[in-house]
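Structure first, then comments.
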Amino acid sequence: MSTDTPCPSCGTVHDKASIEAALKTCPSCGYHYRMEVAERIAYLADQGSFVEFSANLRSLNPIDLEGYEEKLSEAEAKARMKEAVITGTCTIEGKPAVLAVMSFNFMGGSMGSVVGEKVSRALLKGAEERKPVIIYTTSGGARMQEGIFSLMQMAKTSSAVAELAKAEVPYFVVLCDPTTGGVTASFAMLADVIIAEPGALIGFAGPRVIEGTIRQKLPEGFQKAEFQLEKGFVDIIASRQEQRHLLSLLIDLHRPYGAAKKGA
Amino acid sequence: MSHTTSLTKKIEELKKLAEASGLDVSDEIALLESKVKAASKTEMAWRRVELARHPDRPYALDYITRIFDNFIELHGDRYFADDAAIVGGLAFLNGQPVTIIANQKGRTLKENMKRNHGMANPEGYRKALRLAKEAEKFHRPIITFVDTSGAYPGLGAEERGIGEAIARNLMEFSQLKTPIISIIIGEGGSGGALGISVGDKIYMLENAVYSVISPEGCASILLRDASRAKDAAAMLRITSQDLLEFKIINGIIQEPEGGAHTDPDATAMAIKKVLVRDLQDLCNRPPAVLVRYRNQKIRKIGHWNENEE
Amino acid sequence: MSHTTSLTKKIEELKKLAEASGLDVSDEIALLESKVKAASKTEMAWRRVELARHPDRPYALDYITRIFDNFIELHGDRYFADDAAIVGGLAFLNGQPVTIIANQKGRTLKENMKRNHGMANPEGYRKALRLAKEAEKFHRPIITFVDTSGAYPGLGAEERGIGEAIARNLMEFSQLKTPIISIIIGEGGSGGALGISVGDKIYMLENAVYSVISPEGCASILLRDASRAKDAAAMLRITSQDLLEFKIINGIIQEPEGGAHTDPDATAMAIKKVLVRDLQDLCNRPPAVLVRYRNQKIRKIGHWNENEE
Amino acid sequence: MSTDTPCPSCGTVHDKASIEAALKTCPSCGYHYRMEVAERIAYLADQGSFVEFSANLRSLNPIDLEGYEEKLSEAEAKARMKEAVITGTCTIEGKPAVLAVMSFNFMGGSMGSVVGEKVSRALLKGAEERKPVIIYTTSGGARMQEGIFSLMQMAKTSSAVAELAKAEVPYFVVLCDPTTGGVTASFAMLADVIIAEPGALIGFAGPRVIEGTIRQKLPEGFQKAEFQLEKGFVDIIASRQEQRHLLSLLIDLHRPYGAAKKGA
């Protein structure tokens, strides 16, 4: 996103500051630009409350793929992150939560051993500490450079969701543009409440793969958040401005009456 | 004789000649040998891909009819359709009731229309889950046969949530309180294969492959050259030997020389032997222990380091 | 003044005249009176049907917004679609989280296109079940608002198993380990209504009706005359008074004179009062007790005798 | 079905004896005629094993509907049954089971208080005695003459299915022509394994009601057993000849391995 390019949706040109002020959305039409992980955490978590965990996990090269280490270093430099997801604890409007935010900048948000492990740890931490888990997803899918190990992260994260579910701790996902492949087909689709950002592309197969299969152009809006809402796979489409309060409300709405009684 | 085998022979001859001549070419020879070894790996991986996709290779029902008695196919997901790309049902294994769930490819054009070349839609995964839950209810072990190039990347599959369907299976299968054994009998293609293969024991037929992406897909993305599928196949480490080495699978089931299709009966008996042995063991474990082990195993998969800075 | 009221008056006058004249017409008068009484019942039943279907009658969302705080609508069945004929979501009732599931009719033509006149497809029932299970997971009470002429008898509904979807809900709702209160606010139409109203407490608004078949349907089948819907309405015993007498419902929530639409606020408050009172009670019961009572109650419904021959 | 009318499917004329010998199917094309309850029991249950229970339940007139008592008496005379379902215990190929068979002859197989009660008792008996429950359905739906009480039988029978499920005792249904309305939308669709007779009409709304809604003719084969198999709501279509052995096999296939071990 550059400051002087027109909005891809409505064409209006806004300066960088006003777009930033609108949480990286177009002040005219509400178009959602992609947002960096640090910006999301700054917006979502109460000031100073975010404490990162598992920050130092780094991928090895499990299938000895030529060039993977270099690729990781490049990604690290480009995204200024050590991996495609950041996990931590924080409070949101005063309520404790575990927060995981993915980055598309880091190798297309692909899920390898580290993403799988960090996401799983976040889910298990939520189960253990009885804190709601919130995950912001964006991903091109499995990280093929880790071969079969990347595929298995789908099973691993889904198993961790089951653990959280057994602990009866709520789990919310916010699907961001784009969320596809192995992330869609695992922890992203298993939340108690699934929120999506407006216009986000959400699917298993990517649009080009599907077009290759059916040998025709996809219909307008196919796999977008609005399409997924209509098809029954998304609970709520929420603009970036609404998300924090929505998540805070959802946390309150998921306190069981038993717990409420015990607490009150 | 394969290219690399003849090359290896030539190098041996070369070595002897060099020794006889007293010329030191050991460095050059070593380099040659490592190149040939890599080429040989590529050749072997690709040979397995070819065997896994061989048009005569036995498909799930070929094994099911040979291994089990009284197979009764059950149909439908109870939501939208019956998906013939995944078959499921009940049968006896040496007198013990089991639930079977399997990818099924077609052998004829007509059958492949019906079975969508073994590429399942969401309905297939939802049928699998329904049958798996029914198995759990009656404490009946589950045996899955995996053989798909992947879930179907079609319009309807996306519309009806193929991602959700696979995700749900991964989570639910991880928690099923009944033994699950999966056998990769041909192609283990990505999430489409994983969607019916989370279990207590995973085996591969010797020439089966199991991969996060097809060699062709990998070649066109990673190597930016779709024609280099053979190289990608080797790079991706997708053979039964690779997966055993990675400890992703519990064992390799040997195929007859020349591949499973040269002797389906023998291959089926080899599978049966493993199933009978393992089921005896798994059925003796309390379901809670089974589930705990299954998830501990799943959650350990991956390679990373975690150094404090 | 209604026809029967004026008739009753006339009969009274007749009685007095006859007494004065010394003529004994008591048999004739009794016959007259019983006919008028039946006609009056028919009139009253039909009046309720008309009020239940009144175009200005408050629909579920009209009550939801008045009774609860922070209603967040949740969408989709996770299989096929979001069905706007059934809305569901989370909200607070006096600070307590609840899950709401409700038939929703549209008030405009456009809204009725979207909401299919409140007639749900299988997706609606499956969404309801998904939300109900989510409620159970978090021990959150469920409140349902029933207002539908029935499940949609369309092609797609049959193709996607509307019968299965309703059946599944009946079974699953009977077992949910969380309190369920249902309020019939308008039309309680057959299986389509029952599909979201198996619960611990069932209430009806005073002018709501709850019936196995529409009066029109009953008239054309039982009376072989579709125009006799009014008679059918009375015969079928579908008013709140009837259902309370039959002990099918736990109580009647009074409406303002003239019907709920004359004062939606007051009606909403009347509903809220009942919900708050009952939830306090139900939330104190252990879930196992709740489920046992719910099923004991359901299983007692019916009238038969069982004489040994 | 008369002896000299041609088969509605293939047109061949067979005499009564050969149709009876083929279990009321057409010897030429396998067309399934409707079958009486007594005939079904005679075919399914091992000889002499069927012991009826709850035989004496008779409907009252819960909503005081004029003419209902007469209608019941007529139905009783016509169907030579006291109600639209017969329930009993029996053995099938030597295996104990609870068997309930509905009759379309008795007021269109409609479900009122007695059908609901007898079906529920059959299911609960199965749970209590740990015997598989097999129900043959055929029904036009709820018995509207019992008003709201007939509707509530849907909830009642479904609750009884839940009880059987909790006891982990298997439940098999055979859908016969026609099975519609409240029976479809309750116990008929809740079996562990759902079998259908070839060509049976199975649905919630009846064909005429749907045609009235969509204002066009239904496609050929709509709501038939074969259609329901394709749509995912039927496990197996089994001819009358196959049903007994199929049910016997299913009983064996539903013995849990734990039980088998204990038993063996």
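As written, the chains take the letters A, B, C and D, and residue 1 is the first residue of each chain.
Keep in mind that, in the parts below, contacts are C-beta pairs under 8 Å (C-beta built on N, C-alpha and C of every residue); 3 or more make two chains touch, one makes a residue touch a chain.
Given the structure is predicted, the values throughout are model-derived calculations rather than measurements.
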Task: Set of chains adjacent to chain A and to chain B - done: C
- [ ] Select, from B-D and C-D, the pair of chains that is joined by more C-beta pairs in contact.
- [x] C-D
Task: Between chain B and chain D, centroid-to-centroid distance (C-alpha), Å - done: 42
Open item on the list: Report the inter-centroid distance (CA atoms only) between chain C and chain D in whole Å.
Closed with: 30
Open item on the list: Taking the mean of the CA coordinates per chain, how far is chain A from chain D in Å?
Closed with: 50
Open item on the list: Distance between chain B and chain C based on Cα centroids, please, to the nearest Å.
Closed with: 54
Task: Shared-contact residues (touching 2 or more other chains) in chain C - done: 78-80, 160-161, 164, 168
TODO: Provide the list of chain D residues touching at least two other chains, using ranges where the numbers run on.
DONE: 165, 231-233
Open item on the list: Going by the touch rule stated at the top, which chains touch which?
Closed with: A-B, A-C, B-C, B-D, C-D
Open item on the list: For a test of understanding, state which residues of chain C touch chain D in their complex under the given definition.
Closed with: 151-155, 157-164, 166-168, 170-172, 174-175, 190-191, 194-195, 198, 210-213, 218, 221-222, 235-238, 242-243, 246, 248, 295, 298-299, 301-309
TODO: Can you check the complex and tell me which residues of chain C touch chain A?
DONE: 70, 72-82, 90-92, 96-97, 123, 127, 134, 137-141, 283
Open item on the list: With touch defined as at the start, can you tell me which chain C residues reach chain B in the complex?
Closed with: 78-80, 122, 126, 160-161, 164, 168
Task: chain B-facing residues of chain A, complex - done: 54, 56-66, 112-114, 116-117, 120, 142, 144-156, 158-163, 165-166, 181-182, 184-190, 203-205, 209-210, 212-214, 218, 222-223, 231-233
TODO: Would you mind writing out the residues of chain A in touch with chain C in their complex?
DONE: 165, 168, 170, 192-193, 229-236, 246, 249-250, 252-261
